[in-house]
Structures are given as structure tokens and as C-alpha cells.
Amino acid sequence: MTVRLPHAMPQSEADALKAREKAMAQQLQRDGVWRHLWRVAGCYANVSVFDLPDNAALHDTLSALPLFPYMDIEVQPLCRHPSSIHDDDR
Amino acid sequence: MTVRLPHAMPQSEADALKAREKAMAQQLQRDGVWRHLWRVAGCYANVSVFDLPDNAALHDTLSALPLFPYMDIEVQPLCRHPSSIHDDDR
Amino acid sequence: MTVRLPHAMPQSEADALKAREKAMAQQLQRDGVWRHLWRVAGCYANVSVFDLPDNAALHDTLSALPLFPYMDIEVQPLCRHPSSIHDDDR
Amino acid sequence: MTVRLPHAMPQSEADALKAREKAMAQQLQRDGVWRHLWRVAGCYANVSVFDLPDNAALHDTLSALPLFPYMDIEVQPLCRHPSSIHDDDR
Amino acid sequence: MTVRLPHAMPQSEADALKAREKAMAQQLQRDGVWRHLWRVAGCYANVSVFDLPDNAALHDTLSALPLFPYMDIEVQPLCRHPSSIHDDDR
Amino acid sequence: MTVRLPHAMPQSEADALKAREKAMAQQLQRDGVWRHLWRVAGCYANVSVFDLPDNAALHDTLSALPLFPYMDIEVQPLCRHPSSIHDDDR
Amino acid sequence: MTVRLPHAMPQSEADALKAREKAMAQQLQRDGVWRHLWRVAGCYANVSVFDLPDNAALHDTLSALPLFPYMDIEVQPLCRHPSSIHDDDR
Amino acid sequence: MTVRLPHAMPQSEADALKAREKAMAQQLQRDGVWRHLWRVAGCYANVSVFDLPDNAALHDTLSALPLFPYMDIEVQPLCRHPSSIHDDDR
Amino acid sequence: MTVRLPHAMPQSEADALKAREKAMAQQLQRDGVWRHLWRVAGCYANVSVFDLPDNAALHDTLSALPLFPYMDIEVQPLCRHPSSIHDDDR
Amino acid sequence: MTVRLPHAMPQSEADALKAREKAMAQQLQRDGVWRHLWRVAGCYANVSVFDLPDNAALHDTLSALPLFPYMDIEVQPLCRHPSSIHDDDR
């Protein structure tokens, strides 16, 4: 997920968007839906792992993010790796 | 990490390589170094997260994998995201 | 899904692989798992839509195909479109 | 088909465009022309299958969509696959 | 030749540009210079074949088109194919 | 259509393939199916325009070419351009 | 690191940004953090080598640069090469 | 060197920029620095060969061009070819 | 023009090919056809400028080169630049 | 510089090549020509900075490396950055 805010957006509008994005991201983490969230060093971008029952739920969650209209998102479908030492796909 | 074994490799050689790779991957997971390991659905590829003190340790670990000569590896430097609800970069 | 058989593969081996692939593809269609299957005109490639409960099942199905070692597969996660006239994601 | 509405477009204009697009998409689905329509999870994009007699009819249909000036469209020519269990290219 | 008119261009200006482009395209076709002109289905783009004595004449012709400032043009140098049944490069 | 014959192919086999390809290409031109055929200067490649009733016929024609297993083919769906001075899509 | 200042930015604002960027770049060089800094000939871009304890410190440093919102940054994780004649990764 | 002037730039400003660019290009040609200059047919772009003592001089020359802020420049380091019939790298 | 000789080619065969290529390149230079020839520093590749009456002559010349089957060639159509101080396209 | 040794190369031949490459790399470093040499973590690749009088010397140096036939090399022309705190381009 790479964020590209227009340079012309007023600072106050950008700050409000980011505050709402952060609140929702933290709520989704507490709900166990947004399972991992990392910053990509040097970029306004993150690598995230979501745990949702199906593609429709994933789309509803991502498209409800306040920064969704300003993000380039690339989705990779992941699952448990046969060499994992865990029983599930944590 | 995408694996491309040559079609000409004998099956027994490929099986031995994969067994050694799996054993090392599981040891590195137990050591806490290979922190996450997911299969990319539909590909002979994985998405992995490593926890190592620096780039030199990362290179030593990756280049010691039995399948390293047959893998295309793309490294993304990650760190804790400011919106993470955790104190560290888990 | 683009198929690349090595030119050096004996014709009989290629024919046997394709026959097994076709049998499995047709069984998966009858099971309702391989929901759509189109030929891309001018290419040894297809566009397919699968209906499976999760990414793990998708990977198991794709990696069990006889031609899997010779295919480049790109997976796009799809779901029902809000403008669809159907209630499900058919 | 990926949609890129300019951020500067007034919300009311965007809403009106989308409503007209949805109405036309549903009419074309009822007519059997827009045979399949899926949302790409995580993107403002869709994967669609059209059933039209020739390329000219396809172009006329696509270029008449209200969102056409704001869409990147990539057309792949599909046909019945020899492993399909159906007699036609459904 | 792919055309990208800015969304901000007034409709009347765009219409005038397109009318002048069409008139010049048809004159060049009548002159035998713009030998073939096809629409790429689903895109505001065309595939064209020009018959001009050299690269300088080609550049002069293309850069004189009213839509030239708004077009991405990719030139492929073509010639008669040895398997053609024609004596020239028609 | 770009041709990539393996360097290891015996010259006699390559010559036979090319002779069969040329014969079929010329027959298809005489039939009016392979409407245009140009060499791309500097490449072992051509730009071709086919006139066939639908995508299935196009795929059958292309996949029957002797060089088909050695070609990278990119299909662009074309149709009559509204600025064409001809009534059809010649 | 490639810099893309919007053409619409007033010259005085651009000059102020660049002055602050230069001051910070020189301070980081004196601190031993920004170890190497080269101009890419012909581009408004540089190649830089940073010496920082971890990815988080790297991200904090880069994202604090005055030109960060206008830069495309690609990070490559480097370490000592086994053929280096130095004991460290200078 | 590909030039991309913003469509919003007033015609008089664009004309003045181009006139200054042309004057400087011709002076650099007379000085023997800008050794070759070709138009790429069909594009607002050129292919140029410069003869300068080092990369710093090349950057100073290119970045002093009036159109530099509007150009995408790709530099390829060239030298005398061993099959050249000339003693220098003319 | 980038050359890729297979690693498996015997050294004597490669040397003979290169000697014939060099002889032909020098003859074409003496004929004024291969107007410029530069080595790309660090690559087994060159940048060349040809002066030929049309695309057919260009293709005949390039495809007659002994290394043609082992080269990736990208052709850019060039012509005199309006800012050139020369009357022709030298 | 990315190294791609063929999997079919005998281990002893690969080891001998690498030993010769290492010896030459270290000599060039001692000579001050190969100024910097870093490993790219996770890849059989390096990032290097050379200090040579011109492009011809650079090509001669790179093409004399024992691994040159097996390397993909991308050259970026660098020079002193105006924000550097050093007087030269170290």
C-alpha cells in the first residue's frame, strides 16, 4: 500500500485524513483483522497482512480506509506455507 | 522469494534440496530469525519476514539456504509502522 | 495461466501431460471449482475463474495440476461487483 | 478496467457519473452483452467478460460507458477453451 | 498512437481539435500517405501505417497533426516481408 | 509476432519449418485471411493484420502455424476507425 | 533518490526547500550518517549511502528530509562484500 | 532526451524557452561539445552525443539547458568501439 | 544492439563469428552505411547510426550481420533535428 | 553488477573463476580504481563505484573481469554532488 497525497491538499485536510486512517488501522489491528503492519523504510508505504474470510470482506475493509482514494494497493493472496512450524497461517 | 528449479534437475536431487531447505527454514523459525513464512497462492514462491541485526546477517542467512542458487529474492527493508499497536516491529 | 513446455520435451511426454491436465480440468469444472475457462486467442494460455473457500485451497488445487511446473500463473483476487445484477459472485 | 477519477472532480459530478455507469452496466448485463463483472479486491477496478459480435461492437459499447474517459482498459481476446466442458464459450 | 486529452480541456476546444485532426487524417489518407488507420478496440488509440519517403517526412507529418501534443506515439519501422504475396510493401 | 528459434535446432529442421510457414502464410494471404504482413526492420518479427470472423477462428489459425511454438504473439483487437475514408475496416 | 518538484511551486519556496535540504544533508554527512553522496549526471537525482543502525533509523532520517515529499526513493540493503579489502563496510 | 512541456504553459513562455534552448544547443554544437543531435521521428525527443571531459562537465552542461527542468534524460556512457575504423571515438 | 552469445558456443566458433562481424562492420563503415559505431561502456553492446535509403535496406543490412541471430536490436528512426547546425542529418 | 553463473558449470570451474575475480577485484581496490564495493543483501550482486579517467578505461576494466561474460552490468555516470562536504567526488 503506497500513499500518494496530492501536493495541493491543504495540510489540515491531510492531517485529518491521516488521523482517521490511524484510528481505523489501530481498531482493525485490535480486531485481529489487520494482522501485521510494517513501514517500508524510505517510502510513504506499508506492507500489511490481513486476515479476512474472503475477497469481498477484504475489498470492503480496504475501500473503507480514509486514505483508500490516494493509495496504490497490490494484493497478494497468501496462505500457510508447508514449511511453517505453525499449524495455522499466522 | 521465487524458486525456479531447472526442469532438467533429477527428481531425487530436487527432493533432497527441498528437504534440506525445509529443515533449515524450520530451524530458523524456531530460532526466531525467520519470523513469518507464507506461501503465495498459485506460485512456487513465498513471502517471508526475517528478524536479523543487520544486512550482513541477512545476506549470510539467505545465501546459506540450500535453494539460494535457484531463487529470485527481492528484499524490502521494513520497520515498525507508527500506526502499529505494538511497541516493537512484530 | 501461461504454459511454457520446454522444446526438448518428447512429444509423447507432452501429450500425456496435456491429457492428464485436460482430464483434471474437466473434473474440476464438473465439481464447480473451475468455474470459467477461456482460451486467450493466439497464446498457449488461458483465463480462468476458480471458486474455492480460501487461498490454501486455491494453492492446493493449482499446484496439483499436471502442467503446474510449466505454468506462469498470476492470481487476481475477485469478488462480487456492486453493479452486478446477480446476488452472488457468479 | 481500472477507474481513475481526478481528485479535483466535485463529489456530486462523480456520484452522477457512477450512477449512470451502474445503470448502463446493469442494462448491458440484462441484455447478455456484459456477461461477467467482478470487482478486483482492493482496487477501484473490475474484470469483465463481454459477448459481442465483433471488435467494432466492443469498441462502441466500451466507449459509450460514462466512465470511459476515466478508465484504463486492457482488452484480451478470449474464446472457447478446448478443455471446457461446455459447447460454447460461456 | 494513444491520445490523452487533459480532462480540464473545454469540450468545445476538444471538439475543434478532433475535427481538425479528422480532416487532416482523411486528407492524408486520400493522398496515400496515411495508408492504414485502425481503431484499437476499447482504447482512445489507433494503429496506423504511413507511406513516406524517409524519417524526416514521417516526423514532419506526425508533428503537424493537431492532436500531436496530446499523443503518445510509438514508431515501428516496417518493410516488405519476404513471405508477402505482393511485390511491394502494401 | 516475434520468432525465437532455439540456437540448438539443426539448420535443416529450421529450414523445413520456415518453408512450411511461408507456404501457409502465402495461402492464408491468397485466402484473404492474413490481410497484411510486414517485416519489422532489424528483427526476426512481423506485424500482421488478420481478417477472421471471431476469436476462436483467429486462435485456430495462429496455433496451426508451423512456427507457432516458437513465436511470442501479442494480439490487438482492431476495428474500423471513425476517421477512415473507407466504409469497411480494410 | 530522484527529486520531482512541481513546476507550479514558486521559485522562492523551491529555493528555501533546497537550502534546508542542503544544510541537513551536510550536517548528516558531518555526523557520518550520510556516508556517500553523488550526483547522477544528467538527472536531478543522487546516489547515496547511509550508515545507520537499523531500518527504523533509516526511515526516520529519510522522512525528515525537507525534500522527502517530492522524492522517489529506492532503498537497496548493502553490506560488506567478501572481496572487499577493508574490514568493515566502508 | 524527451521533452514534456506542461500543457498549461503559456505559448509565449514555451516559445521563449525553445528559442533559448535552440541558441544554446547551436552554440554547444559549434563548440564541439554537443557532437551529434538527431530528432527521434514522431516524438518531441532527441538522441544526442556529447563530448565532455568527465561526468561533472556533462551534468553541468545538461542541467544548464533551458528545457532541463522539463526533460527526461537517460545517459548512456559510450566509448570507441574496437571495430571502429576511426582512431578516436568520433 | 546487444550481443548474447550462448555460453555453450565453442570459443573457436565465437572467435570466427566475431572476426566476420568485425570485417563486415568495417566494410559497411568504409561504405558510409554504418555511419557511427560506439561501444556501450560495461556491456557487450553498441550504439550505431545507419544511413540507408529505406527500412528494407536497413533490414537487409542488419539481418546479414554474422552476429544477427545472437543480437537484440532496437531500431529508433532518426532524422535531422531543427536545431542542428548542419544542413543534413550527419 | 549481477552475476548469473549457469547451473551446469562444474563447481571447480566456478570456484576458479571466482578466485580469479576476487584477486583482480582486490588488486583494483588497492590501485584505487575500484573505489567502493558492497554486497547487495540477499543477491549474488554488488554495487560498485569506479574511479577511472574516461568511459573507454571503464569498459576495458569491466570487460577484463573474469566474471564479465556472466554479469549483467548497469552503469550510472556519477559525479560530485553540490551538497557534498568534500571537495572531490570521494
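So that you can tell them apart, the chains are marked A, B, C, D, E, F, G, H, I and J in the order they are listed, and the count of residues begins at 1 in each.
As a working rule, contacts are C-beta pairs under 8 Å (C-beta built on N, C-alpha and C of every residue); 3 or more make two chains touch, one makes a residue touch a chain.
Values in this document were obtained by computation on a predicted structure and should not be read as measured data.
So if I superpose chain B on chain G by CA, what angle comes out, to the nearest 5°?
Superposing the C-alpha atoms of chain B on chain G needs a rotation of 180 degrees.
Using the stated contact rule, I'd like to know whether C-D or F-I comes out ahead in C-beta pair count.
Here the pair linked by more C-beta pairs in contact is C-D.
Greatest Cα-centroid separation from chain B: which chain?
E
Rounded to the nearest whole Å, what is the centre-to-centre distance of chain A and chain D, using the mean of the C-alpha atoms as each centre?
Measuring from centre to centre gives 27 Å for this pair.
Indicate the whole-number Å distance between the mean C-alpha point of chain A and the mean C-alpha point of chain H.
44
Nearest whole angstrom, what separates the Cα centre of chain B from the Cα centre of chain E?
Here the centre of chain E sits 50 Å away from the centre of chain B.
Hey, what residues on chain G touch two or more of the other chains?
Expected reply: 39, 41-42, 55-56, 58-59, 75, 77-80, 89.
For this structure, give each pair of chains that are touching.
A-B, A-C, A-D, A-G, B-C, B-G, B-J, C-D, C-F, D-E, D-F, E-F, E-H, E-I, F-I, G-H, G-J, H-I, H-J, I-J
Can you tell me which positions in chain C touch chain A when the two form their complex?
Chain C reaches chain A through residues 54-56, 58-59, 75, 77-80, 89.
Inside the complex, what are the residues of chain E that reach chain F?
21-22, 25-26, 29-30, 36-42, 46-47, 49, 76-85, 89
Which of the residues in chain J come into contact with chain I in the complex?
Touch residues, chain J against chain I: 6, 55-56, 58-59, 62-63, 69-70, 73-75.
Can you tell me which positions in chain G touch chain H when the two form their complex?
Within the complex, chain G contacts chain H at residues 7, 39, 41-44.
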